[in-house]
Amino acid sequence: MSRYSDRTGPIKLGMVGGGQGAFIGGVHRIASRIDGHYQLVAGALSSTPEKAQASGRELGLADDRIYSDFEEMARTEAARDDGIEAVAIVTPNHMHAAAATAFLRVGIHVICDKPLTATMDDANALAAEVEKADALFVLTHNYTGYPMIRQAREMVANGDLGKLRVVQVEYPQDWLAEDMPDVKQAQWRTDPERSGAGGATGDIGTHAIHLARYVTGLEIDRLAADLDAFVPGRKVDDNAHVLLRYSGGAKGMLWCSQVAVGHENALRLRVFGEKGGLEWYQEEPNRLWHTPFGEPKRLLTRNGAGASEASTRVSRIPGGHPEGYLEGFANIYTEAAHAITAHRTGATPPAGVHFPGIDDGMFGVRFVAACVTSSKDDAAWVGLG
Amino acid sequence: MSRYSDRTGPIKLGMVGGGQGAFIGGVHRIASRIDGHYQLVAGALSSTPEKAQASGRELGLADDRIYSDFEEMARTEAARDDGIEAVAIVTPNHMHAAAATAFLRVGIHVICDKPLTATMDDANALAAEVEKADALFVLTHNYTGYPMIRQAREMVANGDLGKLRVVQVEYPQDWLAEDMPDVKQAQWRTDPERSGAGGATGDIGTHAIHLARYVTGLEIDRLAADLDAFVPGRKVDDNAHVLLRYSGGAKGMLWCSQVAVGHENALRLRVFGEKGGLEWYQEEPNRLWHTPFGEPKRLLTRNGAGASEASTRVSRIPGGHPEGYLEGFANIYTEAAHAITAHRTGATPPAGVHFPGIDDGMFGVRFVAACVTSSKDDAAWVGLG
Amino acid sequence: MSRYSDRTGPIKLGMVGGGQGAFIGGVHRIASRIDGHYQLVAGALSSTPEKAQASGRELGLADDRIYSDFEEMARTEAARDDGIEAVAIVTPNHMHAAAATAFLRVGIHVICDKPLTATMDDANALAAEVEKADALFVLTHNYTGYPMIRQAREMVANGDLGKLRVVQVEYPQDWLAEDMPDVKQAQWRTDPERSGAGGATGDIGTHAIHLARYVTGLEIDRLAADLDAFVPGRKVDDNAHVLLRYSGGAKGMLWCSQVAVGHENALRLRVFGEKGGLEWYQEEPNRLWHTPFGEPKRLLTRNGAGASEASTRVSRIPGGHPEGYLEGFANIYTEAAHAITAHRTGATPPAGVHFPGIDDGMFGVRFVAACVTSSKDDAAWVGLG
Amino acid sequence: MSRYSDRTGPIKLGMVGGGQGAFIGGVHRIASRIDGHYQLVAGALSSTPEKAQASGRELGLADDRIYSDFEEMARTEAARDDGIEAVAIVTPNHMHAAAATAFLRVGIHVICDKPLTATMDDANALAAEVEKADALFVLTHNYTGYPMIRQAREMVANGDLGKLRVVQVEYPQDWLAEDMPDVKQAQWRTDPERSGAGGATGDIGTHAIHLARYVTGLEIDRLAADLDAFVPGRKVDDNAHVLLRYSGGAKGMLWCSQVAVGHENALRLRVFGEKGGLEWYQEEPNRLWHTPFGEPKRLLTRNGAGASEASTRVSRIPGGHPEGYLEGFANIYTEAAHAITAHRTGATPPAGVHFPGIDDGMFGVRFVAACVTSSKDDAAWVGLG
């Protein structure tokens, strides 16, 4: 029996990281609120006590549930009758493993930002913890929450594209085209101690490759990566070109960049099979372009004509009223909520519920490691290990 | 002193209408949750007791705060120490006035869906109630919550376009291209008893004309409207062509349609002045196109390069991560929350806070009435009355 | 028997107007060359002898076939064994009728730029000449030469859209947003003596309304027009808003403007019927968007998947290799060439050959006159006369 | 003194290849006609005499200038007083060298389709012929004729983008997604005997890489290529993924594919430097997107606001009236015509005139060879040789 077997209603949520000045913490909080499945009641929003206090009060947390030490938070919350049932981990990457471990060990479900960890050792250790925990582990590869991505995956799985041949995925940005010594977000994301060995590779490349894998179901056989740090003094890559060979013979390319001037968050996936092609673009996420070979290109829209169960199940409003990044992110939270709620009583979650987990996280860390290894060896072909 | 002078934290919210099967109620609920300023605690979600109960329980309302009669709800909630501070009214149009009145009279702030009312008499009566109430009245013309619309308005006000000449606004849809006897949304929206004399005109034309007025600040001098009901048996217009003459000499056109096959919610505004032009499209709301005369067209993006204070103030996430319809809607709720919170102590809301109110509602009702009058008189020129 | 019954090979072509500094003359010359059906051998390129000489020599005309008087050119060429078989008339509008008449009377085919004439009297007179001439009269409403417009027309005629309900056409430009006293093109096009009573209405409104009529086959029952001259001192309209009522019950709007900052030649047509919708945009002319009601929008491309005989017949190169304005214009010339060649022997032109003629020209002149009349009477409803 | 020193007026042109059923021959003919600089008077349109006759007559060639043997054509035309001054070579790739050589040796200018040759040996031999010939050699890498590509090149050269970092170029098509045994175009283009060792690489990859080089001025240091033939039985690549390392440190990717379902001729170039980014797309060729770092993206249009001398010099009509593939192709012909005309008298061509030549051809052949070599060696890094 779950320790939360008597809970009903919204899931009490805690948060580690995400204090004032952070970006992704706010995103997680909104995502947790959109569908009403969570209630934020505790947080170790910063390891600096003053900042933790200020941040917690700003969010309306009770004073006794504002922590500056996530270990203490895990112990204390686990001991409360009304303690948190789940925790969102939104720290820089290097702290994911320790924080997640603390909560998993006391049976609190973990919703963790990506990439999984900054190092492979941490990833392995965390995977072992997840394996033995009586708690769920959710990784917020949020782009897989977009309804039309769900539909794309379903179409591939249904064979609408036939056997896949080519997968092109790219994620260009430009916000790091110059050195940004005064921007906190830029600092830790370009510091290998905190972000891991991959820069763009870890921050956005993991999103891109996860998206490609999620939609196509293809596994990487080998990759060859050419990584660059174009901005002088940068210690991690800010541009990566990767050739991909998939098991089964499909080929692909991944390009991610943080110096591609003119691009904001231009994640784009294109999948081509013997019978058809699909295109999707994160900045216009409600649209999925489908071309059956030899026929006109078709515009499939979220909750519009051509939308399937896979996309409508995670949609809220009519076609033509755009849902965005936050709704896609919220879909991960809501899928997790369905699983957490089912977990209370040992029930099976509703049909179709799924979300990225530890395997996806391991995949991302292996991908970054493989890219770094390959690039150091002059873009030699390497497997994912 | 406000009766809510001792309140802190989230605003306790009630809802009238929005039971199972409704569309806009769910939108209001999400919009109220996104920024965490509201907590839904009571509802008269349906006038059918069983449905009210089922709907309320689904939303987690306490049994004693589920009502089937909004009058009773207003009385009861006003008498509770922990009663609602604001109510969202999301019924069909013909019930807006009575429901809003019930709450305004007991000092509960009203957040009302548009159009204001189904009739001019109701509108006038409601305006009188708003005038004398010690409560705020907010009308959810949600498209004015979009950040880039805020910026467009600011640019016009700043004179970036020079003196305005031409305003083109359109809102085509296609969901009513056929008769839909089995769809609840279609039923009441095409029933003049419940929706008012305007069909497309009231449902989406009011949004379009409000958007044009909000961005340009221009007032209509006269209009000439040609309304049609193309679907056999339809009792209200499903297509409207309107010529607009603005005070000061600008001219414009409005087209709204529910039979324009191939359009979902294709609200589009274009404004042209002596010095520049602007274009905005609801289905890609994070983009605003600006052309200074004689220079290349520029793409301004939400929280991206070229974004101004007017848009960033109501933005949440970085450029390139699309915010959508729900975030725009939430901005109206959040603006209202700032005003409601300030109202507790008689404080002035933060700089820049604004939202549509009773005047905007009266404008919309007058617009529909003028369109109907003009169209009956062979598209004669009429003022707004 | 035609006087050209013994001719074979390219059609010997003359030109009236189109000397140095003109715009549309060069377009006609390229259009006549693209498919190799014409050979320019004579011209009255200017009424100023020096300019006529210089322009003619630049184009490689023989000295004895360079004229400054179109009457003399008509007489002389008609008398030569190797005289021109057709003439392109590319003068300002007020000279179309006289020039066309001179050539028609001697049996030389006329290819005339639009609008037909500057006045209704001229139009009537010219129509009478065409009626009695043994020569073809072709009006270069070039937008109807675009392949995807041909396909749109065919689809409407085939009933793919069902009974038509709404037709939206617009043609915004911005090149006349300011007074341009030094630009020759701007001068005559805003001079009612040379362009006629319509400014934007005549120059681009006639194109737009012709396009709508061509594609839909609908005839205007009545229109109501609101014309403006926004630029101080301008003597003809530079912006027109027109409501349209078609025979059979369809409704429409036309907007044309030369002050819409941010638009180059943004001619756009949208047609909506009971069963489907079509959209086409001149700046991306190889694409036609088709939505069958209830199905996803489809992108039909020139010579691509979904292209029909009507469009492929007038296409040259594979889909995805854009054909443009000049190819569309050339299609009018080539259609005319098929008819002229057939006329030599009294043969029937190949199936499908068609082009705008005197009726289309009369329609355009009536349209401008109706707009001007309506606008002077406060946008009263008027027929086309 | 040139043997054509007494020529004036249009250049007499011959053609080798391009008989009935061919595609690119027709394109060359239109391109040669658009600006009136050429007159087609002779042809060896096929090596099959009957087909050569039929094709030549259809084009209006005199019987004595219809050949089936290009050697004979070269000899005969060189001996005529009114012989051709230039020849267009539009055969399958394996015949380019021999045909070009025949004409170069008799002093007739050659305008040759790409890729230069099917083999490196042929390329070297041809280069030696060009070196010693008193005749021009023009290679129709037509995409460099697009005005906005000219402007992009100028902007890069001017330093508008700063030092370049990343170059992404791709050319996906889908017309060979299935085996097409009955389509002549498909046959020879997938036959290594006639097309050379590269399939997609030679046919469209050479276009893409030439475009990237033309615009950026960067030279390839090394490349790593992964080539595939996805269609069963295909003997040449139909998809190529190529990593690029440029001299000076920039990196890039090239993807070309003939199996990318949903793409027609989607050649796209993106260039990113320290100070800005550019994007261009062949299917919308009149637009060039420019983002100065930190500023809004700008839409530069052909002959519109922001157009520079480099693009306006090769433009014909106003902005917003699209010029297309044929006009871009014609620009190569017209640039060549300026050079050929200047060559008559030994004059210097007008400022700015330039076109692809033998060096560009050698580059393309080396590129294909390097891709094939690299791919056979498991995508090892190779130089261009």
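A few comments on the model shown:
In order of appearance the chains are A, B, C and D, and numbering begins at 1 in each one.
FYI, a residue touches a chain if its C-beta (ideal position, glycine included) is under 8 Å from a C-beta of that chain, and two chains touch if they have at least 3 such contacts.
By chain, with names taken from UniProt: A, B, C, D = Predicted dehydrogenase.
Values in this document were obtained by computation on a predicted structure and should not be read as measured data.
Ranked by distance of CA centroids from chain B, the top chain is D. Separating the CA-averaged centres of chain B and chain D is a span of 56 Å.
Rounded to whole angstrom, the centroid-to-centroid distance between chain A and chain D, based on C-alpha atoms, equals 44 Å. Mean C-alpha position of chain A lies 34 Å from that of chain B.
Residues of chain A in contact with two or more other chains: 263, 290-291, 297, 301, 304. Interchain contacts join each chain to each other chain, per the touch definition above. Only residues 161, 165-166, 168, 170, 174, 177-178, 224, 226, 228, 230, 239, 241, 243, 245, 251-253, 255, 257, 259-263, 270, 272-279, 289-293, 297, 378-379, 381 of chain C touch chain B when the two sit together in their complex. Within the complex formed with chain C, the residues of chain D that make contact are 9-10, 23, 26-27, 29-30, 33-36, 59-60, 173, 175, 263-266, 282-286, 301, 304, 316-327.
Interface residues of chain A facing chain C in the complex, by the touch rule stated above, are 290-291, 294-301, 304-306.
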